[in-house]
Amino acid sequence: MQTDRIKPIVMPKWGLSMSEGKITGWLKQPGSTVNVGDDLLEVETDKITNVVEAGDAGTLRRVLAEPGNVYPVKSLIAVLADPDVPDAEVDAFVAGFAVPKGDDEEGGEDAGPQYLFADTPAGTLRYAKRGDGGPTVLLVHGFGGDLDNWLFTIDALAEKATVYALDLPGHGQSTKAIADPSLAGLSAALLGFMDTVGIGSAHLVGHSMGGAVSMRTALDAPDRVDSLALIASAGLGREINQAYIQGFVAATGRRDLKPVLEQLFADTSLVSRQLVEDLLKYKRLDGVDGALRALSGALFANGEQASVLGGDVAAAGKPTLVVWGKEDRIIPAAHATALGSNARTEVIPNAGHMVQMEAAGTVNALLKEHIGRG
Amino acid sequence: MAPVVGIIANPVSARDIRRVVANAASLQITDRANIVLRVLAALRACGVTDVLMMPEKGGIRGHVERGVVRARAHGDTPYPAIHLVDMPVTGTVADTHRAAAAMRQAGVAAIVVLGGDGTHRAVVAHCGSIPIAGISTGTNNAFPEHREPTITGLATGLAVTGKVPAPVAFAANKRIDVCVNGGELREIALVDVALVTERYIGARALYRTENFRELFVTFADPEVIGMSAIAGLLEPVARDESGGLMVRLATPEQRQAGTCGTILHAPIAPGMITPVGVTDWRRMPAGVPFVPEIKAGSIALDGEREVSFSARDRVSLTLRDDAFRTVNVGGCMRFAAQNRLLAGAPAPLPATA
Amino acid sequence: MTENPFPLDRDDLLKAYRIMRTIREFEERLHIDFAKGDIPGFVHLYAGEEASAAGIMMHLKDNDRIASTHRGHGHCIAKGVDVHEMMAEIYGRSTGACRGKGGSMHIADLSKGMMGANGILGAGAPLACGAALAAKVRGDGGVGISFVGDGASNQGMFLESLNLAAVWNLPAIFVVENNGYAESTARDWAVAVDSYIDRASGFGLPGVTVDGTDFFAVYEAAGEIIRRAREGGGPALLECNMVRFYGHFEGDAQTYRAKGEVEAIRASRDCIKIFAERVIEAGVISRAELEAIDKEVLDLIEDAVRAAKSAPLPAPAELLTDVYVAY
Amino acid sequence: MARKISMKQAINEALDLEMTRDPSVIVMGEDIVGGTGSPGEDDAWGGVLGVTKGLHAKHGNRLMDTPLSESAYIGAAIGAATCGLRPVAELMFIDFMGVCFDQIFNQAAKFRYMFGGKAETPVVIRAMVGAGFRAAAQHSQMLTPIFTHIPGVKVVCPSNAYDAKGLLIQSIRDNDPVIFCEHKNLYGLECDVPAESYAIPFGEANVLRDGGDVTIVSYGLTVHRAMEAAEALAKDKVEAEVIDLRTLSPIDWDTVIDSVERTGRLVVVDEAHPRCSIASDVAAFVGQNAFGALKAGVQMVTAPHVPVPFSPVLEDLYIPNAAAIADAARRTLAPTGTSPRSIAA
C-alpha cells in the first residue's frame, strides 16, 4: 500500500482538554484541489470555533464527516490523495485507518495529567509538556493569557520537538502574586521555571507580552535561549492599544469583557461565549486583578510600552522569527519590521493579535521551519 | 372565733446586687407562692380557718389563688379562707408597713413573714406586740431561721390556737433603735447596724468591707451570714441573752499599717468570705445609747444601706431587750411532740381557743 | 474641700448630671415643640427615666454597644450621640444623625456604639447579643447592652436572646426599664411571671432589681454587672424600676393613668432632683455649679432647635441613596 | 486548579477559604457543627445535610452551633455584622424565616438606609430552598420573591457548584446583607470548580446557551430544566438562549433585555409560586422596557399557587419541568400569540 500517496485528514486536537469536535461546515467540496494552508472546514468545540487548514496538498477524495455531527479527536474525517490514486485504494485506506495512539509519554488520551505544576522560586507555575525528543521549545503567552493560547500550536510543534507551555506568574492557574512585575522579573520567573523543570536552553516562542519576556530572557541569559520566535510581540515599539489594556483589566462581566476581547481577533465571531466565560473565570480568581494591574502599570503605563528591546535583540544576533497578524488592533503590525534584516518577518493577512490561533496552520508551519533551522 | 393569722409575703426581696457580686440565691415568685400554700396548709391543719394577707402585684397572690381554686375544684379544702388587707399597692416597703399596721389593728394572732431581714424589720416596726413567724426568702438572712416553711406554719398554727401555751410558744427578741437628730428620724434593726463610709445608698447591699467602720449587733451568731457573723466569730452572743456586741473595724490605712488587731475571714454575704480588719469589740448593754465615731457615711440596717448622714447629723444607737415577739418554732414543735399534739387525731385538730 | 463619699469623682458627677439634665431638657423641649406642631412624626419621651441611661452609660466606652428602644433619645444622649444631629434628625433634616431618613425612632451612631433606637419592640436584644458576640470573638473586652421596656420583655426575641446569651456566655446585659406601662397596658397585667429576675433565673442569668430613679443605685449595680460581663462572667439582667413623666408617645392623653399619678412622681421620684439634693447635701457639688450646667444645657437645646429648624431638608435624590453599598 | 466537586463541597470550600482569609468571618447555625454538648462525636453532623462538615476541626470556635432559636441567632449575626464581624448564619430551611423575619427585613435590610448610610451589615444568611426533597410544605419552598421584594437585602440563588462558590465568597465580602439560597437538590451536582478563591460579582447573569429564537430566563434548579428544554427544542430547530439570573437582587436586566431584543420571545421559569414572583417580575419588566421587541406574549412557567405537597406524585407535578418549559417556548412561537390561561395563575 502506498499510503504516502494518501493523506488522512483527522479531527484536530486543539488544546489539552479537547476530546471531540463538531463539524460546522466544509469549505472545500469533494473532488476539489487543495493546497497547503487552504481552509478545509470549520470545527466547533466547547471553547472555540476555528477553521482547519490543509497541512498537505492533494485532491479531496473523500469527505467522511457530516456537518452537524460530533467526532472524536484524531478520527478520520476526510481523505486527500492525488487524482491518480485508484478509488479502491482510497477505500481500503479508509477501511484500514486506525486512530493513532497518543504519542505523549503519558501514553494515552486521558491517561495522564493534562497539566503539570512546578514549584519555582516565583511560585507554583502550571505548565504543559507535549512531545519528546528533538529541540526544546518553550511557549510564552501574553498579558492576561495562559498556556491555552497555544491551543492550536502545541500539538503541531510537538510532532518534532519537546514543547513546554507555561502560565506566567499572575496568569492561568499559576501563583497569582507577582514579586516583580517588570520584564526582568518575568524573565527571572521564566528562567526559574526552566531551572526547575530541567530545561537547559530552549527555543522561546513568545506572544505579545510573552515576546518581550522572551527577548528580555535572551538578553539576560543568552546561553539559555536557542532562538526567538516573536508573535505580535511587545517590546518592539512604543505603541499599544491602551483602551484594550485598560478595558481588559477593568472588565468584570461578560457584557464589558466581550467587546474588549473582540479586538484580539480579525474575525470577531471567534470570541465565543465560552471563551469569554473562561477569561471571566480567570479574572475572578483572587489575586488576578492585582496582578494585572501591577503588570499593566509596570509595562504599559500611560498608554505606551515601557520597554523597547528591538535594538538590543538585533544586536544580540539570535536567530529570530517575527510573525504578525496584519489586522492586529493591539500592537500595530508596523512593529514587525523593528528588527529589520536581523529577523525573518512574516505579516499574515486576515489575522489579528491572536494570529497563532486565527492562522494556526500558517504560523505553525513558520514555527516548525524556524525551529527546525535552529 | 378561731384566731386569724396574718401573712406578709414580700415579692421583691432577694433581687439585689449580691446576685452579681456574690452568686446569692434568688427565690422565684412561684416558689414564694408555693411557700405560702405550704404555710396555709399547715395552718389549716391546726384549725386556722381564716388568714389575712398583704396584697401585692408581684405575682404571689395570683399563683396562690390558682392553688386554692384548683384545690376547691378537686373537692378539697386544705386551705383557710384568704382575706386581703384593703390597701393600695405601691410596690415599695410602705406596703409592708401598712399591712403590718393593718393586721395589728385587725387583731391577728400572729404574722407569718416571707422575706429577708429587711422585710422582717419592716414588719416589726409596725406590728407592736403581735408575734411574727419568719420564713427566709431573702439574701442576707440572719434573722429568720432557715427551716421548711411547713414546720413554721404548723408551729404558728399550734401557737395561735393555744395548743402550745404562750410562754413556750413565743420568744422575746432584741432590736437596736437608731435615732438621728434627736428623733427627726427613727429606724430599727433586728440584727445589726453597720456604719460605712459610703455616703450614698446606691444599690443598698453591703459588700465592700473596706468601707465598714462600726458594727452593732443584737446577737452574734457564728452560724449565720452577714454582719452578725463578724461579731459571732469574735464573741458569740445568743438571741435570748441580754445585750449585744459592738465591733470597731479597721480602716484600709490601719490594715495596711498593720495596726488593727485581728484580720477576720468572715462570710459577709453568700459566697463572699472576706478579710475584715477588726480593731476591737465590746459588749453593748441594753438601754445605753451609743454614738458612732465616724462623722459621715451611711447607716446600714440588717445589711442594707438605708440612711446617709453627715457631720451635722447626730446619730445614736440603743439596744432594747424584749422588743418584739416571735413564734418559737423549735419550742412549739418539741412541745407538740412531748404532748403528742399531732398524734392520733383522725380529723383536723379542733380549735380550742 | 469636703471628702467625696460617692463612687464617682466630681468631674464624673458633673458629667452624669449634665447627661441627665440634657436628656430632660431635650425631651421637655420636644414636648413643647410637638404640641406646637413643629415636629413631624411620633416621639416617645424618656423624661423621668434619665438615671437609668446615665447610670449605665457612665460605665461604657465607644466599643461597648447598646441597642435601644423606641424611647431612645436618652440612651443616645448618654451614649454620646451629638445633640444637634439628634434634634435635626427629629426635625427630618439632612443634617440629622441619619440624614433625615430615620427619625426619632431610628437614631443611631455606630461610631459611638449606639446601634440604634428601634421601632420594633424587643428587636434590640438579639442585636445586642451580636454586639456581645463580636466583642467576645475579638476579645476587646466590650459589652453589648440591650434596653427593653417592661412591655417588650414579653417578646420572643427578647426571651430567646436571654437563652442565647446564656448558652454562648456572652458579655451581654439586658436592661429592663420598667416604667410600669407597656404603651397603655399595665405591666402588672401583661407580664405573666411578675418578676423580671425570675425570667433571668429561668435562663440561668443573675438578675438585679434597682430603684431606677436613684442614679447611684443604677450606677453601682450596672457597674458590677458590666464588670462581671467584661471579666467573662457572662450575661445578666438589670431591672430599673422607674417612672415615665409623659405618655407613651406625644399626644397620648394618658387616660389609663391614675389621677394625680404624674404629679406625684414628678414631686417625689424625679431622679434629677434626687441626684442634685444628694450631691449638694454632701457638699461635693454646689447648687451654683448645677445651675450653671442647667443654663448651658438650655442654651445647647435652644441652639440645637434653632439649627435644626434652619437646616436644609433632604434633597429629593436622597430618596434613593443608601439602600445598598452598591447595586 | 479546577476539579470536579459538588455544590455542597463548593459551599464548604468557600466558607473554609473565607474563614482562612479573614478572621472576622464566623459561621453559625443550628447543627452546623452538630453534636455540640452531646455525648457522641463533636462535628457529628456538620450541618443537617453535611455542608459544613470538617470546618469545625479547622476553624474551631469560629464555627458555632446555635440553640433552635432563629430569632436570637439570626439577630445576633446581624448585630455582630454591624460591629465589624462578617457572620455567615445558616437558617437551615428558608421556610424558617417565619420565626426570624423581623431581624432580616426590619433590622438588617434597613440599617444602612434608616441610619443615613452610616451602618454596614455584612451578614450572609444561608438557607436551603426548593422542592423535590419529599419534605412537604414547610421545608420545600422557594421564597426568593419575598426577600427580593425587600430593599436592602441581596438575594442569590446559584444553579451549580462553580457559581455557588464564587457567589458565596462574594456574599461574604459584600457589605450588605445577603440571603444565599441553596437548592437542596443541587447539592450533589458536580462541575469544574477552581481550588482557588474567586468571587462572582452580583447582578451578572450567566448565559448558558446561545440561541436566537426564544429566551428562557431562570435561576436555581430550574435552570437545568430550562437547558433540557432547550436541547429538546434544538431537535426541532428552535434555538433557545438560556439565561441563569444567578442573583435576583440585584438582577441583571441588561442581559435579559438584550436577549429578548434579539429573540423577541421570552419564557420565564421560576420554582416559586406565580403571584408576585421572580417570573412575574421579569415578565413585567420586559413588558415595560422591551415591549416593541416582543413577538409574542411572555410565558411564565412556575410552581402552581399551592403549598408544596408531600406525596411524590403530587410534588413532581408541582415542580416546573422541561416539557412544560419547552411547551411554553413553543407557545411563543405559535402563530397566534395567545395561549390558554394556565390553572396556576
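Read from first to last, the chains carry the letters A, B, C and D; within each, the first residue is number 1.
Definition applied: contacts are C-beta pairs under 8 Å (C-beta built on N, C-alpha and C of every residue); 3 or more make two chains touch, one makes a residue touch a chain.
Being a predicted model, the structure only gives us computed values, none of them experimental.
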Fill in: Chains touching both chain B and chain C
none
Worksheet entry | Chains partitioned by contact, chain D not counted | A | B, C
Worksheet item: What is the chain whose Cα centroid lies farthest from the Cα centroid of chain D?
Response: B
Practice prompt. Please find the two chains that have the most C-beta pairs touching each other.
Written response: C-D
Worksheet entry | Whole-Å separation of chain centres (CA-atom averages), chain A against chain D | 39
Worksheet item: Just curious, how far off is chain D from chain B if you go by their C-alpha centres, in Å?
Response: 65
Item to complete: Could you please state the distance in Å, as a whole number, between where the Cα atoms of chain A are centred and where those of chain C are centred?
Response: 70
Worksheet item: Touching pairs of chains, which are they?
Response: A-D, B-C, C-D
Item to complete: Flag every residue of chain C that touches chain D in the complex, lowest number first.
Response: 65, 67, 96-102, 106, 108-111, 115-116, 118-120, 123, 125-131, 133-135, 137-138, 144, 156-157, 160-161, 163-164, 167-168, 321-325, 327
Practice prompt. Spell out the residues on chain C that touch chain B in their complex, using ranges where they run on.
Written response: 3, 5-7, 188, 193-195, 197-198, 201-202, 206-210, 214, 216-217, 219-221, 224-225, 228, 236, 239, 241, 278, 281-283
Worksheet item: How about chain B: which of its residues touch chain C in the complex?
Response: 11-12, 15-17, 19-21, 23, 26, 28-30, 57-59, 62, 91, 197-204, 296-297, 308, 310
Item to complete: Would you tell me which residues of chain A are touching chain D in their complex?
Response: 115, 117, 126, 173, 176, 252-255, 273, 277, 281, 284-287
Fill in: chain D residues touching chain A - in the complex, by the definition given at the top
1-2, 162, 166, 194, 196-201, 204, 206-207, 210, 254-255, 258
